[in-house]
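Take a look at the structure set out below.
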Amino acid sequence: MFYYILIELTKLRKDDFMYTSKIVVRYAETDQMGIAHHSNYPVWFEVARTDFIKASGISYSDVEKAGIITPLTGLTVRYKQAAFYEDELSIHIKLTRLTPVRLEFSYEVIRENPRALIATGTTSHGMVSKDLVPVNVKKEHPKIYRMFEECMDN
Amino acid sequence: MFYYILIELTKLRKDDFMYTSKIVVRYAETDQMGIAHHSNYPVWFEVARTDFIKASGISYSDVEKAGIITPLTGLTVRYKQAAFYEDELSIHIKLTRLTPVRLEFSYEVIRENPRALIATGTTSHGMVSKDLVPVNVKKEHPKIYRMFEECMDN
Amino acid sequence: MFYYILIELTKLRKDDFMYTSKIVVRYAETDQMGIAHHSNYPVWFEVARTDFIKASGISYSDVEKAGIITPLTGLTVRYKQAAFYEDELSIHIKLTRLTPVRLEFSYEVIRENPRALIATGTTSHGMVSKDLVPVNVKKEHPKIYRMFEECMDN
Amino acid sequence: MFYYILIELTKLRKDDFMYTSKIVVRYAETDQMGIAHHSNYPVWFEVARTDFIKASGISYSDVEKAGIITPLTGLTVRYKQAAFYEDELSIHIKLTRLTPVRLEFSYEVIRENPRALIATGTTSHGMVSKDLVPVNVKKEHPKIYRMFEECMDN
């Protein structure tokens, strides 16, 4: 017997530079309601950000090595339907706002089978140094800023 | 040597029936930024909800035994300052909206020493049966509904 | 730009029916030491069990639908090296003991690049009904038991 | 209405310097079996270590500020009974082995009402610098080592 799972990260539509990460709901992520606990959604969003940034040509590890960290300043989630153990979910992400010191990403969580919109959400981020002081990334790390701009342009 | 920690849950102001739960940031809750990971805040909000509902005279376990579960429909968090390992945090909670089928709670996360507003947030909840069908709690569980009403009235 | 990640679950060696799941260390899984927190390893083991059981021809959701749950009775982990954010890890799993009422799985966590043995471990499980009463799976669910036996035989 | 919870950390028996931390099982810690997920036990052990070290007269934050971190090298858990949402659990901890470069702690998890031994366990730790190089704490940080020794002596 042979078995494999394909987890694919694809650029969905060229014009809005949206990416998709796929995750499978873990048993540890369920709660006694029998559904995926709501605190996992921000973690899944973060998995999608990691993939998105890596897909942009630079890994988030590299961003951190450049001395920039991007702590959340805001989070919103709209839970539409429950997700269940072993559900395969697509996390769509796009960069929806960019300033020299801030980022905002938007997300959609989709179950393919049976197809359903599970949740939508946003995360807002400051860009700061390791001691949590704001960094003007446009000025101080223009290469990284251009990378983010390209994500917006497309 | 003798040592103890007091974790206190108090009604802060009689007129708005606000409660406070205290938590200490766990090592496992930190991330490589050196701060409490943002996905813990919804978990802390939930700890406060558990305490709040228990303080109202009925435990959430009892609510679930009555066949009612309260999955999130919405979550917002505004992160103001980072929280760190071993920080003692007060999670203030109050019930800010109530309909026969919905609840909304509001939260403030405060560090006492040095004093800082760490975060604010809201959670919206449907009230549904165990198979995720909406329940009119006002009609079908008037005792539980009155308990929630009293939390609003005060 | 086009980008994808392949997550593959393969039968490594026919003679010991070992499977491999691949995971990528999530940011939320790191702690302020800058490494993956040790409490994630049992979660990764569980991801491997889910994949392993699914690969055996029946999903763990199906096992639960048959009324059998497999809570842990024992857990051991030997941590050899730290795992870091974005590390791609292979979780090797095999079924190493089987009785009519018990299972034991063994695990190896490997980083491919640079190659290192990150950790080894075991989990022991009882097989019980939903109200936590032991079930003789060999007698009461011979089809599921045979599935486990095949995993041992090979 | 007024309400509070007392969370107490006490030295149980003077002769073995055992400490107790109390935790309440969080909703997020449950899984779809309806019990506390097994991966929370190492987190609870860690809460007890934080309290234990603090009770020894130095906080773990201070240990980290001295440049020493104590990553796990080994973990064992024996799960005896399930723990449930809102259960109040006592985590007993004592230091059971000490060398100049290693620590081992032992744990018992007890539910008081109804009284039951929920789990036992151990954690083994290396003592290393922030770049994960072993430190001879007896030589290089004799004050911290004496603190650990006192925990053993009693």
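Order of writing sets the labels: A, B, C and D. Residues in every chain begin at 1.
Everything that follows uses one rule, which is that a residue touches a chain if its C-beta (ideal position, glycine included) is under 8 Å from a C-beta of that chain, and two chains touch if they have at least 3 such contacts.
Chain-to-protein mapping (UniProt): A, B, C, D = Acyl-CoA thioester hydrolase, YbgC/YbaW family.
Quick caveat, the model's predicted, so the values are computed rather than measured.
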Higher-contact pair (C-beta pairs counted), B-D versus A-B: B-D
Distance between chain centroids, defined by C-alpha means - chain A, chain D (Å): 34
Approximate Å spacing (C-alpha centroids) for the pair chain A, chain B: 26
Numbers and ranges of chain D residues touching at least 2 other chains: 27-28, 32, 35, 39, 42-43, 46, 85
Category of the chain touch graph - line, ring, star, complete, other: complete
Contact footprint of chain C on chain B as seen in their complex: 27-28, 30-32, 34-35, 37, 39, 85
Chain D-facing residues of chain C, complex: 32-33, 35, 38-43, 46, 64, 69, 71-79, 82, 130, 132
Complex interface listing, chain B residues touching chain D: 1-11, 19, 24, 26-28, 42-43, 46-47, 50-51, 54-57, 59-61, 85-86
